[in-house]
Amino acid sequence: MQRMETGLRTETITVNMGPQHPSTHGVFRMIVTLDGETIVDLEPVMGYLHRCQEKIGERNTYLQNIPYTDRLDYICSMSNNMAYVMAVEKLAQIEVPERAEYIRIIMVELTRIVNHMLAIGALLNDLGCFFTPMLYGLRERERILDLFEMASGSRMMCNYMRFGGVRYDLPPSFMAELKSVVAALPAFIDEFERLLTENEIVLVRCRGVGVLPPEKAIAYSCTGPLLRASGVDYDIRKVDSYSIYERFDFDVPLGRNGDVYDRYLVRIGEMRQSLRILEQAIEGIPEGEISVKLPRVFKPPEGDVYHRIESPKGELGFYLVSDGSTNPYRYKIRSPTFINLTVLPELCKGHKVADVVAILGSIDIVLGEVDR
Amino acid sequence: MTEEEYIAEQVRRNVIITTIDKIYNWGRRSSVWPMGFGLACCAIEMICAAASRFDFARFGMEMMRPTPRQADLMIVAGTVSNKMAPQVVRLYDQMPEPKYVLAMGACAISGGPFKDTYNVVNGIDTYIPVDVYVPGCPPRPEALIEGFIKLHQLIEGQTILTSPWYRKEAEREMPVPTLGPKGLVLPGEDE
Amino acid sequence: MAFLNDLFVNLSKWLSSFLAQFLPTWAVELIMMLLTIVSLIIFVLVTIMFINWLERKTVGRFQDRYGPNRVGPLGILQFVADAIKMFTKEDITPANADRAIFNLAPVIVVVPTFLVLAVLPFGRGMVAADLNIGFLYIVAVSSLTTIAILLAGWGSRNKYSLLGGMRVVAQMISYEVPMVLSALGVIMLTGSLSLVSIVEGQSRVPFILLQPLGFLIYFISAVAEVNRAPFDLPEAESEIIAGYHTEYSGMKYAMFLLAEYINAFIVSSIAATLFLGGWQGPLLPPYLWFILKAYGIYFLLMWLRFTLPRLRIDQLMGLAWKFLVPLALVNLLVMGLVMTLTQGRGLITLVLASLVANGLIVAAVVTIYGFAKWRRKTMRVAT
Amino acid sequence: MSKEIYERLAKEFPESSLDYLEGKDPAISVNADDLFEMALHLKEKEGYDYLSAVTGVDYPDRFEVVYHLYSMRERKEPLILKVSASKEEPEVASVTPIWPGANFQEREVYDLVGIRFAGHPKLTRILLWEGYEGHPLRKDFPIEGHRAIGQEEPS
């Protein structure tokens, strides 16, 4: 019963977006209360893809959990692998050979590029771009997936990393192919930017929409590009450096206004920085062992451990409790997008329906990770 | 009627019907519009199948309809959780006949790696009839396209005479399960 | 060549004189009228088939794909297959829908499209009914689409449909104003509302040279009128599923699809008629020129659709009322001034004067816009 | 690691029973009653502005909630708080008023482990649905769920 002063009696309507909705990126549901086209209230509902990952993690042995981590954030399986194996390595104090570290960095940074391509494509899809930017992103993604397939044998669910290294050494032709992909990608990112960055409609749709002030971003535990677009310089690769990231020279792109447009710019910037890391990794990768020998029955010592990495979507952490047996006692996944979603209702209030999908797209969720 | 006349009559009728069938099936086969509906990991491979390298638009399938009312094919791409299963069944019921279901990936077929856990349905064929199964975890886009071709063959083999969807008595609506305190409950079951 | 130029006109003349040998005049006229209608319907169906195929192939090329290529050569029979499928599909009326309205809407939506075709001049002498108020008629009839879509949105009893229906009403009513205002410039130039005389008035120079701004405004509002991207809010897939036709299936949905494509084609042909000289052109037969120009503009529509993201509803309304309507009014005013000042001084003076005037308007707009942007920036710094 | 903070905290809250737990990631064990006060102190005075993760663990003798704290602005070393809750009536104070980012995580812990958070603005199930029996991440809950307890597959 708003706008009584104008003499018109209007009522709010409740619209249910999802779980099957073209732009909820899977099976996410939002209960939206609308006044005309303006959002009065929004309630996220999740759990439509709850696959009991944490319970399964307790049933499996440590090794068996690696393929399950692939299916968390199914766009960036490599970085999920890395977070989990590093947590277990921390638990069992396993040293990783130099070459394996380099291979991991190469894979994870490729994954970051893949993820940001898809994230930008999906964001533009939500803005109504009729798939074109999305398909351009997918076209380049295929080339990177080919690299994954060369190394691990699988396109998406790579299952590539092991405790103390990686599963297979790189095939002979890998480095040449990688070099050509890395050489070709800047041109693609430039093309993307030419299409979108100065596009007037993209600007009016994205600037000033879904503004997240830095204090709020920190209070709501946001991580990843969502946090950095608000101008908070917090990249775990820099702050809490893991693996061999301190050897590489790269910048952390930051936004200023914390709106949808800045998140887009941060993602573009991160793709360029990942390319820088890749170039340095190609230069520096040594020959040598790719993994250490572990006992056939792997039993880490008792204790609990938390390890986090900067996954493309934010802070991905694994909290493992070991009771000294072959399976984890507790296997907790701290997924970035689940926690980034906490701030969604705050971001959306007062905006239009069309902005909700843009804001959701700019948070870049993957339901496999949200619901686990 | 002599035997020859009878045979001639039958042949004539069959010629008409097979010709109609041919056109009818050709039309349906060449324009299978999937519902743009992804559940989990497999949805990404489904999108890849629509993208430049694999491009299922070649078969006239790129019209991904966002609403079940305009779709012909439901690609169950991913794990169906207990919470999602009622929605999937309802979407199936909302699709107009003739409709087809393609179960994509191990999860939709049997529960896959998540089989026998407390919130995962062990295969969507528990609740809705599935026409084509595409195994894999996730299936590669080539496998999905192979599944589409199998679906085309299935449609080719159907005839308008015996098709169940134009008959009044054939009720193809599937019962929608509800969320009970211990899992999914079909209507009519205890608790 | 002359034979080809007037192929259809001569054909109809020959046929009517042939029929006149056996039949009374009224019967001949009736038969000719029916034949015209039938040929228009055939034209519509062929156009839809072709447009649908063209659009799907073009989007394929835009996205580095092939597009349909399995049915017929290059997949050209794709729409036939789609039609067979859609006509044999189950027709669902949702239990909660308002039955009468729900079933009426798809019928109403195709009527205006066919009515508009009656006054389009496809070639020299190729017009079903040369109304002297042709343009007014088009404006009046095509607004019927709004009602049909609102009915569809309301009758479905679905919240997404309702939102889509409401968006359509707001959008189509808003954009009709700049559309008509921009076309008024053309009507001022010819002094006639009849489309045939508008085309004939462009025998020496197409009006786009006199009215580049008018063409631009017309084109933008026409894109919005037919709900094409970047103004496709009523059926915005990523926001409100499929908008007003969310609940429609089978044949009824096919009706909406048909109306959508043919409306887009019609606004392209009207733009070609008003600004590009319609069927006027050298060498090729007139009807071919008409079709080429219409498809040229249709290609622009597709190009926009596959490249640009969508506007938001408030930005959409702002663009119409705060930008296009004032601009169209200014354009009209300036056009009137130019016409009065250059009266009797020949066509070349008129063309040059209008180009200069249009250039001045654009320069003014750019200046104001740049100034506003600069002010906003300085104010942000100040705060 | 967090030894100094532990000592500072112990000085600040003399009457509460803090404990320093050695391990790969040293942690501080906190009494459930003092959690809210201490969390507030850590955020306001110590600069721990970022709550990374809230985890519920079902141990044989107790429930435990683990908080992973970081400081985004001051980049301090991480701090891990552990709070025990009883097996019968597990309840812990909610830290959502202090770190709004805990909202969904506490709902998740409530949903899957069954620990109640007093003072949470909306403590409902988040991944499973309202009315579901049991809390899956407890050790006495079979992985097959209620299907294991003799429920037939629907045909």
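Labels A, B, C and D are assigned to the chains in the order they are written; within every chain, residues are numbered from 1.
Convention: a residue touches a chain if its C-beta (ideal position, glycine included) is under 8 Å from a C-beta of that chain, and two chains touch if they have at least 3 such contacts.
Everything quoted here is computed from the prediction, not taken from an experiment.
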{"item": "Chain nearest the overall Cα centroid", "value": "A"}
{"item": "Centroid comparison with subunit A (C-alpha atoms), farthest chain", "value": "C"}
{"item": "Where subunit A and subunit C are represented by their mean Cα positions, the distance between them in whole Å", "value": "43"}
{"item": "Inter-chain centre distance, subunit C versus subunit D - centres from mean C-alpha coordinates, in Å", "value": "62"}
{"item": "Distance from subunit C to subunit B - Cα centre to Cα centre, in angstrom", "value": "38"}
{"item": "Distance between the centres, which are taken as Cα means, of subunit B and subunit A, whole angstrom", "value": "32"}
{"item": "Subunit D residues counted as touching two or more neighbouring chains", "value": "127-129, 136, 141, 143"}
{"item": "Residues of subunit C touching at least two other chains", "value": "63-65, 237, 241"}
{"item": "Subunit B residues counted as touching two or more neighbouring chains", "value": "51-52, 66, 83, 117-119"}
{"item": "Chains touching one another, given as label pairs in label order", "value": "A-B, A-C, A-D, B-C, B-D"}
{"item": "Sites on subunit D touched by subunit B in the complex", "value": "127-129, 131-133, 136, 141-147, 149, 151, 153-155"}
{"item": "Subunit A partner contacts - residues on subunit C that touch it in the complex", "value": "59, 62-65, 159-160, 163, 229-230, 232-233, 236-241, 305-315"}
{"item": "In the complex, subunit A residues that touch subunit D", "value": "46-47, 50, 52, 54-56, 58-59, 90-91, 218-222, 232, 234, 239-240, 303-306, 308, 315, 317, 319, 321, 329-330, 332, 334, 338-339, 341-343, 371-372"}
{"item": "Residue numbers on subunit A that touch subunit B, as the complex places them", "value": "19-22, 26-27, 47-52, 55-56, 67-68, 71, 74-75, 134-135, 138-139, 141-142, 155-157, 367-368, 371"}
{"item": "Residues on subunit A engaged by subunit C in the complex (per definition of touch)", "value": "13, 15-16, 21-23, 37, 124-132, 135-136, 139, 195, 199, 201-202, 204-205, 352-357"}
